[in-house]
Amino acid sequence: QERLAEFEARIRRGEKIEPGDWMPEEYRRQLIRMISQHAHSEVVGMLPEGAWITRAPTLKRKMILVAKVQDEAGHGQYLYHAAETLGISREAMLEALLSGKAKYSSIFNYPTLTWADIGTIGWLVDGAAIKNQTMLAQCSYGPYSRAMVRICAEETFHHKQGKEMVLLYAQGTPKQRAMAQDAINRWWWPALMMLGPHDKDSPNTEVLVRWGIKTKTNDQVRQEFINEHAPEILAAGLSIPDPELRYDEKSGNWLHGPINWDEFWQVVSGNGPMNKERLEARRRAHAEGAWVREALEAYAAKQKKAAVAV
Amino acid sequence: MKPSVKDALIAKLTALGDDELILAHRNSEWVGHGPILEEDIALANIVQDELGHATLWYGLRKELDGSDPDQLAFFRDANEYRCCELVELPKGDWAFTMLRQYLFDLYEALWLEAAQHSAYKPLAEAAQKIIREERFHLQHTRAWVERLGLGTEESNRRLQQALNFQWGYAQQLFVPIPGEELLVAEGIVPELGPIRERWLELVTRHLQNADLKLPINPGYQPTSRAYHTEHLWSILAEMQSTARWEPEAKVW
Amino acid sequence: MKPSVKDALIAKLTALGDDELILAHRNSEWVGHGPILEEDIALANIVQDELGHATLWYGLRKELDGSDPDQLAFFRDANEYRCCELVELPKGDWAFTMLRQYLFDLYEALWLEAAQHSAYKPLAEAAQKIIREERFHLQHTRAWVERLGLGTEESNRRLQQALNFQWGYAQQLFVPIPGEELLVAEGIVPELGPIRERWLELVTRHLQNADLKLPINPGYQPTSRAYHTEHLWSILAEMQSTARWEPEAKVW
Amino acid sequence: QERLAEFEARIRRGEKIEPGDWMPEEYRRQLIRMISQHAHSEVVGMLPEGAWITRAPTLKRKMILVAKVQDEAGHGQYLYHAAETLGISREAMLEALLSGKAKYSSIFNYPTLTWADIGTIGWLVDGAAIKNQTMLAQCSYGPYSRAMVRICAEETFHHKQGKEMVLLYAQGTPKQRAMAQDAINRWWWPALMMLGPHDKDSPNTEVLVRWGIKTKTNDQVRQEFINEHAPEILAAGLSIPDPELRYDEKSGNWLHGPINWDEFWQVVSGNGPMNKERLEARRRAHAEGAWVREALEAYAAKQKKAAVAV
């Protein structure tokens, strides 16, 4: 009780909690859940974009895309490390992902159907992620906060590249324009949804805010995202697939129409267009890599033995 | 530069670029599907470097004949490509990919080392620029060959199988293109013979140390870069699909 | 025919043809790689029939709007295709292919049976023409489901895995296209609801007899033929590669 | 000795030898070798063409190609049956193929690189095969002879279709013409070689002719092939990659330049461009089909048991 009071006081003073420090079990549990979900999202997120490396239309775009997907793998790596500081192993986290127990961002359960999806994911999906991550960079847990600072910097770069692509295609040939519009049509709503349910349907929010893990609610972050992106999309001459979207002079906000939460919960509970294929791809990679990991272990063991013998 | 030398140099630069581009394509098929997250990162790194090299070689060609690298990559047909067959082979398992990469990296590192002294300055500079990257790849894939060769029975078996399949194809790396002798005579590119000897020596030693046997019958050894495997058509169908979907595009 | 009905019929015929063409594509990937020579023959037979059906449906569309079947097949982009997602899924193992074929064949046989009474005579005639072939396929794939389901533990496990994966996708076969209600009202195509009921009944019984369990959670059920899997782009890149390689060709 | 004399007399009288009849061991051995090689050639021959089913340029061509490859599978089937009448099982023959012991026609170790290869294979490769098969339809062993009659009829159809395609492309756009010429350039020599070494290098020929298995020598069959196809190719406005090829007024034959037998023996001994890939593809299909064949057996056994129980 006393310890909890002290812990909450530290958080109120804006101190960071570090791995060795005392923390409530629930704080640890929530962080493990969030960080590992976040890590899984980076790893699963490699799939929808990675599939287009082989089909990028120029050498430069191909190179940029490989670099981006590589960054995602790197983010996965930092985040697994950050979660490990809370006493869970990477194996345990992977196991939870492959068994379907752990979640990852619902957005990666939508398919990438054309090259314009690559630009749109960079612009909208990374754009939404950044809003969330900027908030999490303020988080009370030191390792997560520091990982977020680093990740945010790279994501900002991806966001810029994605936006540049979509704007370019919006000015391009009729086929390019149509492709860009189609991508916006398909990704707009999923991007809004990926920021999570409305505050009233988000039971964890209160405790997360109190412990300084989150500093804003889902709806606040979503509003920031819309306020930035809606006017930019419209300015590019593209439309947004929300007939009720409008600018509210009073609040200075862009107000959106009702979100199809039924679709959101379907996707979260495993029934999105790509849930099966994504998990299947991860499982296959893991299973087909088993002999490689065994060989590495056997090799390392032999090396160790040889070293001892000398 | 004499026109015949220039033509040969254009052809050589094309072959160099095509090898890198197609190998990068095959490696990029792994991204997101690697056996360990760290290897997704490492392989993505290799892919980027290879794409960088392809861009560099096509860029040198552009200086000679003004051809656009993206046009070369995305609007050339399979029969105009001049990659070797080794890089076209499907990615196979991790042993297949790592072995191919090792055989290729060592060839490339040795070639670049010699090419640093090219009488054609842009080529010498390019070689100097990328040799460090190549040595880094080589270190990485060399280590993998050792680990898989000396790891488990299974990993040794897979690596040996990959070696049996690839050995003949790998020899094509040392087949000069038509007119290459002109470039060698002018000191523009290194002679492949001595590079091959050194390569054979190093490869043999490393593979044997990793408990592998060089195949007694090397199998098919392609002798011309004008012919390809059955895979190249499909590789290009995929690789060029976006670019060719909208050939009117001014910019991508 | 009212223009709205005609438009709906054109769309329906396109969807029918696209399903057959893409399924034939996936099946044809097996040719030469089947588990038994006899099955190479049987599957090649199914592929031919499916291509025949695709040609027939596109041909009926041609009568309505003059569009060329080969143009439809080889020069349409992925976002204009109207196949269901089930047929786009990679061929998987033999259990995956046979199960998909069974689920599709039974749907098609039931649909054709009803479509024989279409008020649109060309469609009724087409259905009468091909129903016999379809019954033959059904017999073949129905038997395979039984054999694999009741064969070994391994074959049962693989078939069950295929079923878990495909079940949700298969439901899209019974999702009407926009405007299909107009065609139903005119008696041009049968209503999908009753066909689905009959299909469910027969499939459930046969699968249960083959020791399989219907998945409790069917997973994703696609609701529009305007969207596709990530595979369709690659399928078409391959399928259309020759035709698009020389769009100037007058004849192939 | 007496039996051998009687056997040879039957052959001289033009009688067919049937499965139950006495025959010299060497006759049986040679036939098993030839028929199983022929069967394997049909099965392996499905691969180079089968790969283009997914890329055929029209619906009609796609259908024709599937039908053709299906015919090849069917030929493989008849031929395995014909060989089985000599007392060898299909399993034993497959085993010999997969282990690399049995041969198949060298021609299938060349790659199919463009769509024109499909036409060219039909015209030249099936054209060469037909010359050989027409001769074998006269063969002294009944089942082989009858299989050949049936196969020849179908091959003649494939040959016609192939020729029609190449002639069409030779009249087509510049790209189509170039594609057709390239295919002829690549397949001409392998087609000549597939008819086997020169008579002087063909040790089996003599006994095969004596026993009525072959009624013509390799060189005779090759000459027939060239005499038919060379003028047709030239008439189509295509060239033949043999600078020494010329018509000899005296003999009425088209005489060819020297054949690169070194290449032929390389390919036969396993070093052709596609030997490894072809065998690998067959092995993979066989290995991946193992669980299917096991399931079939298990199912059949259960059915039998159930039938007995009733």
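Of note:
A, B, C and D are the chain letters, set down in written order, and residue numbers restart from 1 in every chain.
Rule of thumb we're sticking to: contacts are C-beta pairs under 8 Å (C-beta built on N, C-alpha and C of every residue); 3 or more make two chains touch, one makes a residue touch a chain.
For clarity, every value in this text was computed on a predicted model and none was experimentally measured.
Across the two candidate interfaces, A-B and B-D, the one carrying more C-beta contacts is A-B.
Think of it this way: of A-C, A-B or B-D, only one pair shares over half of the C-D contact pairs by residue number, and it is A-B.
In whole angstrom, the spacing between the mean C-alpha positions of chain A and chain C is 36. If you average the Cα atoms of chain A and of chain D, the two centres end up 57 Å apart.
Under the contact definition stated at the top, the residues of chain C that touch 2 or more other chains are 233, 237-238, 241, 245. Looking at chain D, residues 51, 55 sit in touch with two or more other chains.
Interface of chain C with chain B (complex): residues 77, 233-234, 237-238, 241, 244-245.
Interface of chain D with chain B (complex): residues 48, 51, 55, 111-114, 182, 186, 270-277, 280. Contact residues on chain D toward chain C in their complex (touch as defined above): 43, 46-47, 50-63, 66-67, 69-70, 73-74, 76-77, 80, 115, 168, 172-173, 175-176, 179, 281, 284-285, 288-296, 298-299, 302. Within the complex formed with chain D, the residues of chain B that make contact are 78-79, 165, 168, 217-222, 227-230, 232-233, 237. The touching residues of chain B, counted against chain A in their complex, run 21, 25, 28-29, 31-38, 40-41, 44-45, 47-48, 51-52, 54-55, 58, 69-70, 73-74, 93-94, 146-148, 150-152, 154-155, 158, 238-239, 241-243, 245-246, 248-252.
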